[in-house]
Amino acid sequence: MSELIPQLTQQLFNGLSLGAIYALIAIGYTMVYGIIGMINFAHGEIYMIGAYVGLVTLSALGVNSGLPLPIVILVMLIVAVLVTGVYGYATEKVAYAPLRGGPRLVPLISAIGMSIFLQNWVAIGQGARDMAVPALVTGSVQFQLGSDFVVTAPYSRIMIIVVTVLLMIALSLFIKYSRIGRASRACSQDLRMANLLGIDTNRIISFTFIIGAMLAAVGGVLIALAIGKLNPFIGFIAGIKAFTAAVLGGIGSIPGAMLGGVLLGLAETFAAAYISSQYKDIVAFLLLVFILLFRPTGLLGKPEVEKV
Amino acid sequence: MGNNIKNALIAAFMAGVIIAPIFGLQIVRSGMQTHLQPEWHMIVAGMAIVFAFQVIRPYLRRLFKRSGKVRTMPVLTEPARRGLIFLLIAIALIWPFFTGRAQVDIATLVLIYVMLGLGLNIVVGFAGLLDLGFVGFYAVGAYTYALLYHWAGWGFWEALPFAGAMSALFGFLLGFPVLRLRGDYLAIVTLGFGEIIRLLLINLYSLTGGPDGISGIPKPTVLGFPMARRAPEGVTTFHELVGWNFDNQDVIIYLYLMALCLALLTLFVSNRVIRMPIGRAWEALREDEIACRSLGLNPTRIKLSAFTMGAMFAGFGGAFFAARQGLVNPESFTFMESALILAIVVLGGMGSQVGVILAAIVLTVVPEIAREFAEYRMLIFGLVMVLMMIWRPQGLLPVKRPQVELKV
Amino acid sequence: MSEVLLKVSGLTMKFGGLLAVDQVEFDVKRDEVFAIIGPNGAGKTTVFNCVGGFYKPTTGDILMDGKKINGLPSHKVAQQGLVRTFQNVRLFKNLTVLENLLVAQHTHIETRLLPGLFKVPSYRRSEQEAQKNAVDWLDFMGIRQFANREAGNLAYGHQRRLEIARCMITRPRLLMLDEPAAGLNPQEKRDLQQLIDQLRKEFGVAVLLIEHDMSLVMGVSDRILVMEHGKPITIGLPADVRVDPRVIKAYLGEE
């Protein structure tokens, strides 16, 4: 019994750090869906590319560059964010913008094609196999709760949680108080109306893709540092799970994506710990099916009424 | 003109940013170290190409507009379509007797993809349901045969109907709760199910053999007589029966002919079904679900029929795949397979059977021919999908839809 | 068999905070033409959608021949003999005119896989009969010459007639027409009025009608419900409704 609390605390911590990553990726899905009603299938790949760009940047700086660690990580993040911003902008302009307004199946298939293209783009460019990421952030906080069980909180994972929380706050403030943020909200409520009111919807859509990409990139870099390896196909599963998180929280709602991410991270961690670690991926899929069947608008979403 | 140059420069710059971290600076391990190998030529070449393209683009657009050329290929009329199908069948019938072993082998693979493509065509092309987990039904069919052989010693022909039935059952069970979802949600959920099936196959080691799968799966027999050099005690082989000398080529040809039978069956059923009331209902549902409901049509039931039928064909294809390979493992049933079959349907023109057949041929044969480019296969698939949607979403060879005509 | 075919009582529909329909009550008798009128935004189409099963009413009961149909999904409501047209005509635009009428008969014809696959005689008979029904209705509506044309390529007036034919071919007991005269020219409106009357007389179908064109409403309806802001104002005979001061007030500023 005295083991339970520390064990739960450990799982709670693990779940939160996992959930933070899902939240970062989920925001990209939810923002894009909220504005143009499309699932950006290739978004998971953007996350993956962010991780790779981080690694390339690190390799460019050199592991023993002598620069202080926070600076190195900051540079990795900034470069990854900038590059994936371009990726996000370019994929939207090339593969989605020309197809807006047509039958819904078409941009979806295009997105799938984009996703496959990007996976193999990286696989050919950097190799399809697992690639090791130098362990920059080592060490952990350890504390004893109760009897013998020691709760271990690796710094790399604490970093994930802290950075994510900061970014969430920054994003919320930005969306709430900036002009682009307001325009963005208007677009997600009623795109046509926003257009008629003079908002440059193309720019807002691009902005949405870029912001989503940037957040996913941060997630990619941080998880690569925490896990220590990456490959071109990590975006696929992470993408599906992050989408599940977005739906769980209420698709189109940014707070929903944050909430959904955290909940999914916790659910998956607890399932892996207490049910079976082999089947933990199935948790996300089953959760997705259940939400879509019983509460498709998610936890924070508004019920939609079909216009007849 | 100046604006054009400016845009082209921006595009080229972005291309540079995109290419650099993936192709321009390759991460190379040397012992314990990692360092970057710069490939400046890739970055520069990419930027130059993008720049040139962007500069030329407005001129290209004007060129196409002025020539009045509508970049479409003609829509295939009914007699032409029928002629093409007969031609393809005729070629298929004589193929194994005029070509070598490798060609027949590839042709067998093509036929499997024709079956799968026609199956998915019903689901995506006609009923308009984006099923990204189609590979799951393919896997169910393959493993049904594999398991029936492994645990009960069944042969191909006995297992085949069961494979189809199991897949259809899975399709029904999955479709029932899920088909009421909106298009994009349906896509993701079916994707999830395809993955769940793959994960189950990997993890249920004691039942399915896990990542190793099941091997030793026999090929189809000829009316009960195995097609092999030797048979176990007391069993007559086909060659012994008819007094031929055993030749490996015969096995290949027989396999091909059986695949051809299955593919023709699939074609026949698919062809009939789209001209039946259920086919009309699929089309109507795809066009306007609300109008269908207002007329008393049950959308879920109608979608289920398409979904289940597609699953059944995938099951048949899967069983045959297991027979041809001789072994099954979860590796063959990834999302990429679903994407490939989707690419066949998309390329062929959703709803067009002859298009699907041709696309299956192209997408199977071309990678085999261009073996050196194997790495680039999936990359090109992805690119083709995007480009097809932008330039020609109706597929390369759209047909006039089969209409019920009132003879005046 | 009672006289009342459709009975709507206490119908209320709330969308979040918006009260679109507030305690609407009426009944439609067999062979009756019953119209719902009111200024824009009165909630008329919402009533239709509730009756048709497209919306789930917040409260209220809808009885068809004594049987409760509120809460049934829209296709089951249609199977009870209650079909409707739509404000923006919802034809299957890429199917031919003939095929539109064939699809509508889906629940009455042979749709099983095996009979169709092998074209057994019972299947062929079923298809022939379906085609004959379709042609009969094409003749009735005077659009037979367009049988093989894509439904989306028809003139607007013909599209509306096709939509009504598509409803009628399901042999309904109650036909709901949502602004059938919208976009029609005066001659077409007169034809429509005649058509509604003919349908009622020849096929014994009751008609529930939303309409803005007053001459059509007054000319063809047996009784009228007037709504405003989601609430019922009055139900009565056309002659009475026309001079009711409350009705006139509701329409002040309109027409």
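In this document, chain identifiers A, B and C correspond to the written order of the chains, with residue numbering beginning at 1 in each.
Criterion: a contact is a pair of C-beta atoms (placed from the backbone, for glycine too) under 8 Å apart; a residue touches a chain by one contact, two chains touch by 3 or more.
Source: prediction; values computed, not measured.
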Fill in the blank from the handout: Winner on contact count, chain pair A-B
Handout entry: Farthest-lying chain, centroid of Cα atoms versus that of subunit C
Key = A
Handout entry: Computed distance of Cα centres, subunit B from subunit A, in Å
Key = 30
Fill in the blank from the handout: Note: subunit C sits from subunit A at a C-alpha centroid distance in Å of 48
Handout entry: Distance between chain centroids, defined by C-alpha means - subunit B, subunit C (Å)
Key = 44
Completion exercise
Among all residues of subunit A, those touching at least two other chains are 306, 308
Fill in the blank from the handout: Among subunit B residues, those touching two or more other chains are 290
Handout entry: Shared interface positions of subunit C, touching two or more other chains
Key = 54, 86
Practice task
Provide the residue numbers of subunit B that touch subunit A in the complex, in ascending order.
Solution key: 14, 17-18, 20-23, 25-27, 29, 34-36, 124, 128, 130, 132, 177-178, 181, 183-185, 187-189, 191-193, 195-196, 199-200, 203, 290, 335-336, 339, 342-343, 346, 375-376, 378-379, 381-386, 388-390, 393
Practice task
Would you pull the subunit C residues touching subunit B in the complex into a rising list?
Solution key: 52, 54, 73-75, 78-79, 83-84, 86, 90-96, 98-100, 102-104, 106-107, 109-111, 113, 116-117, 127, 130-131, 135, 147-148, 166-167, 170
Handout entry: For the subunit B and subunit C complex, residues of the former touching the latter
Key = 269, 272-273, 276-278, 280-281, 283-284, 287-288, 290-299, 305, 401, 403-406, 408
Problem - Contact footprint of subunit B on subunit A as seen in their complex - result: 38-39, 49, 52-53, 55-57, 59-60, 62-63, 82-83, 86-87, 89-90, 94-95, 98-99, 102-110, 112-127, 131-132, 134, 236-237, 240, 243, 247, 278-279, 281-282, 284-286, 288-289, 292-293, 296, 306, 308
